[in-house]
Amino acid sequence: MTLTLRNIAKTFAGGTRALLPTDLEINKGEIVSLLGPSGCGKSTLLRIIAGLETADPGAAIHFDGEDVTAQPVESRKVGMVFQSYALFPNMSVRGNIAYGLKMQKLPKSEIKARVDEVVTLCQLEKYVSQPIASLSGGQRQRVALARAFAPRPRLLLLDEPLSALDAALRTQLRDELAQLLRNFGITAIFVTHDQNEAMAIADRVAVMSHGKVAQIGTPEALYRNPDTAFVARFVGDAQPLVGRIEGNMLYLQGGKLPLSRAAEGHQAFVRAEDIRLEPRGPLCAKVEAVTFLGAHYRIALTGAAKETLFALYGGLNAPSPGDTVRLAIAPQSILTLPVDKEVA
Amino acid sequence: MTLTLRNIAKTFAGGTRALLPTDLEINKGEIVSLLGPSGCGKSTLLRIIAGLETADPGAAIHFDGEDVTAQPVESRKVGMVFQSYALFPNMSVRGNIAYGLKMQKLPKSEIKARVDEVVTLCQLEKYVSQPIASLSGGQRQRVALARAFAPRPRLLLLDEPLSALDAALRTQLRDELAQLLRNFGITAIFVTHDQNEAMAIADRVAVMSHGKVAQIGTPEALYRNPDTAFVARFVGDAQPLVGRIEGNMLYLQGGKLPLSRAAEGHQAFVRAEDIRLEPRGPLCAKVEAVTFLGAHYRIALTGAAKETLFALYGGLNAPSPGDTVRLAIAPQSILTLPVDKEVA
Amino acid sequence: MFRPIVVCLGILDMTQRQFLLLCFLPLAIFTLAFLALPLARLILASSESEAGWAIYLKILQTPRYLSTLLQTVLVSVAVTFAALAISTTAGLFLVRNTFPGRSVLLSILTLPLAFPGVVVGFMIILLGGRQGLVNQLLPGHWVFAYSVLGLFLGYLYFSIPRVLLTVMAAAEKIDPALEEAALTLGAPSYRITLDVLLPALASALIAAGAIAFATAMGAFGTAFTLATKIDVLPMVIYTEFTLSANIAMASALSVVLGLVTWALLLIARSFSGTTVAAGG
Amino acid sequence: MFRPIVVCLGILDMTQRQFLLLCFLPLAIFTLAFLALPLARLILASSESEAGWAIYLKILQTPRYLSTLLQTVLVSVAVTFAALAISTTAGLFLVRNTFPGRSVLLSILTLPLAFPGVVVGFMIILLGGRQGLVNQLLPGHWVFAYSVLGLFLGYLYFSIPRVLLTVMAAAEKIDPALEEAALTLGAPSYRITLDVLLPALASALIAAGAIAFATAMGAFGTAFTLATKIDVLPMVIYTEFTLSANIAMASALSVVLGLVTWALLLIARSFSGTTVAAGG
């Protein structure tokens, strides 16, 4: 299903503007993530699409061209997975999954067939007759997905579907969720505050900040060509290189670095993985701390720029705290972005 | 303080053996992590050291040579940070930090001086007179640390000190905690189930499994030279290369790989970061899925070994799902380990 | 739940352990004795007539006692269900809607909590007695204070605020996402009420119902003030004891009343989880 | 709390909305009227003597009423504190220790919940009356049933199980790590009780205390059965109304009793958080 949002805004009763007028276009079968810090309006946008909240007057929501702005939740035919999963504790797994089908008053045999189909898809065969209370977090998430998907919704909406799980499970279930959404072949929008989640699952990511979409694009596009300093920091933790830019040269405390283009009046950023330790590098720095992280060391460096810089080092013999090292950063790895007014 | 544990075991009332006889030696000023999955006995060991649980008869706990096995908690002079932080909600931040000093019946002026000192060390100046309920998770953690550290304990024990925080905060506070523990200059033991936490904070890590210490060593030693398959999988997520080893050759579904030594009867493991995509690599595989993770792509590969392998790819142009690729793994990157009996 | 503290007790040195036992044990024993002794005496007293333990058989054979027991149970059951129905509807409405004056309204609704049964009986007479408000407005037809209706209304007045507050406390704890999930699955309002709200309130309703029932079974002040013509068990007990000086029968009736109520509280507790049903 | 549902109401189509209003609104209004009307009538009735509203002044000027009010408050306060002290100690002991027969003991402790005030008064007479157990064992000196002591013990018997269960429910929710933290910081047992346990129980104790107080203020059955020589307010109200037919004074005294209790419940509620204090 194609989803078109025009001029969606939300002002709460107190006058707080949760969402500034927003336009968004989502293609058939696409998985889009709304990514942003808490309070950026991402959940509000999702709830407006679901019909659980009403947008300010002037908004238009189209599902495949059909205007659903005035339609109530129950006729919009969207499936929703809630952060708490909101499974009905008084029903079994089967009862939960069948609920939406029962509400459609389908014949019993068809309900059974469709529940069985979704149960197989979500690998819940073993749990169908269990009560909700006996399920683990990961199983609950799958039941919530199956329940939302069983009535064949036009659109699947997921509100922080992984945040109720503990850290160890989250990475594993992230891949599982991505796989399931692909198997469903459904248009889906999911809200998250975790950039890794957004990048691992979504086809496109809409980065939100202060009630508006700061940038929307594929994970690669956001990571490599962020439009604003906020996006650069939020997606991939770009670090500011505070210094002076003259022409295509960046002058820092510890030396000067060539840029790929003249960028006066801009701010320079670099990611930890793009800082290389090189004996003849143009930048001089002091090693503050070294942390072993398995695949690489993370090295805290002072003296190179105004603030402490972190670099990742993949070799076997890391420098020690106190050492003086030289750094190199490839010109194309330095992001030069307009100065951000909002400090996120 | 030097801590010596001899023959520490714990059998619960029901007959469950939470801890098999364990010996451990911890040096003065060392920070040691007890790392393991839930139920491996790590928390029980910590609570026995604190004196909150009694070990089975025959155990011996020495603090700097002094036998404290029979001493009750309150005379062992250990500081403890609980998973829930267990701050007294009816006292202010200052009241919490001063509590241990009051129990020692120190003069008021000295209590004030020492509280102020710890408050500065933990950067809590702004919050001293606030009630506990108004603090954020990270602030609570610092208060819990300050409260445990204020009475100048001989040993600091931390039970999953980061697990009450949400994922985004955890990485940031991990570094902060490591820094604080170094500043304290105190012997510390902390329990965690997160390998990244253990590696980032500890001087040495004791990996525990099924009630015993599987291996103890520096993070680098555990990562590079794991003793068992359990340690290899748990620290750094080594993946099994299921195939046949003949002499110093590993025969897999997708090709054969040279090993650094003859390892017949052993199991081979490799980490995702050690699998390289190389046009002339000896291993043939099919790309199942490609996930962009920012600094690199994670590529799921089938056909190379029996199970799906994950490789990290750092370049710009990742292969697409469906492509056939060739892989190389350096012989020294293949871990050959004795076959594990316990499946963890 | 409290295993760690038991463990702590194990590792305290002797002085502290003795201190704890010195503090707690005697008081625990005293409390037990204080609560169990009168009960034992009551049970014994019930056997101290010529009939002996057969007095319980006599209750079953005496129509007056039996019909009183039945009447008391019936009125109590009616009050319980009425209070549950009214309080659930009103409680859900109050929790689901915010409007000006809502908190004032809530305070008013809890006012009856402050009045004892005597005053409630008294209010019913003021309303429905011979000189009552209703009889003055609609003369000749509406004296209900001394009938079953008066008793029922009095008990209901007493029960509603208690049930209402329990229901509201439970309703506030229901995850709003449960209703939203049902909405997105296409459930109409009455299905949401049936499938989501009532099941979520079930244990609170059982607990509140049990309390309402127990209170109605034992209510004396209201019945006594109304000087109603219908007998309720606590009044019969009072009469047997004070006027007839029939101590054995009064004791036996008390034991029966206690057992019926206690059994119900136990059942309710097992349905609704530990101590909920015992709050009142 | 329930904002999302209010929002839902906003987006339901008209039929559903009307259905909801049709269900809820009239019942809410009926409930309100049912609870407020008797109260209004009571307040009005208090002004219907020659004294008019000055009747409240008259209460303050009549020593008998004043001393009754004082006595009732004093007995209630004493019962409240005694019940809190005994229940807290016994409750902490029961929560902190597991021993064989613990669940049986708990069931026995909740037995008094099943007995109404009349039966409790009756039990006290069986124990401490002229033919009571205590007087038979220690003849001549131990008739306490009809004194303040008897009343006090009866009320206490009634209150302890209720307070006990509230305290135990709250004690089970205390994070055991709090006590362990105090232990590792070197706190002796009595300091743990003072600094950790009692503060953690505070709001439960306030709530339970308020309920015990309100119950004691309004207790009628026990006092009436004991036919005690000391006046308590509910009995004076009964006497004024039934025997003296002094409806205005009975109403005025009822209003005063209600106000005192209501104010206390409100205060307790504001200390212990929302609906806790209103459970009983």
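Things to note:
Here the chain labels run A, B, C and D in written order, and each chain numbers its own residues starting at 1.
Here, contacts are C-beta pairs under 8 Å (C-beta built on N, C-alpha and C of every residue); 3 or more make two chains touch, one makes a residue touch a chain.
Since we're looking at a predicted model, the values are computed, not measured.
Shared contact partners of subunit A and subunit D, listed by label, are B, C. Here the chain pair with the top count of touching C-beta pairs is C-D.
Subunit A and subunit B have Cα centroids lying 27 Å from one another. In terms of their C-alpha centroids, the spacing between subunit B and subunit D amounts to 53 Å. For subunit B, residues touching at least two other chains, in rising order: 51-52, 73. Shown for subunit C are the residues that touch two or more other chains, namely 4, 8, 12, 177, 180, 183, 188. Taken in their complex, subunit A has these residues touching subunit B: 163, 166-168, 170, 175, 178-179, 193-196, 199-200, 218-220, 223, 235-236, 271, 273, 289, 291-295, 312, 314.
Across the complex, subunit C meets subunit A through its residues 175, 177-178, 180-188, 191, 195-196, 199-200, 202.
Considering their complex, residues 50-52, 73-80, 82-84, 86-91, 99-100, 103-104, 147-148, 151 of subunit B touch subunit D. If you check the complex, the residues on subunit C that touch subunit D are 1-6, 8-9, 12, 16, 19-20, 23-25, 27-28, 30-32, 34-39, 41-42, 45, 86-87, 89-90, 92-98, 105, 107-120, 122-127, 133, 156-157, 160-162, 164-166, 168-169, 172, 176-177, 179-180, 183, 188-190, 214, 217-221, 224-225, 227, 234, 237-238, 241-242, 247, 250-251, 254, 257-262, 265-266, 274-275, 278-280.
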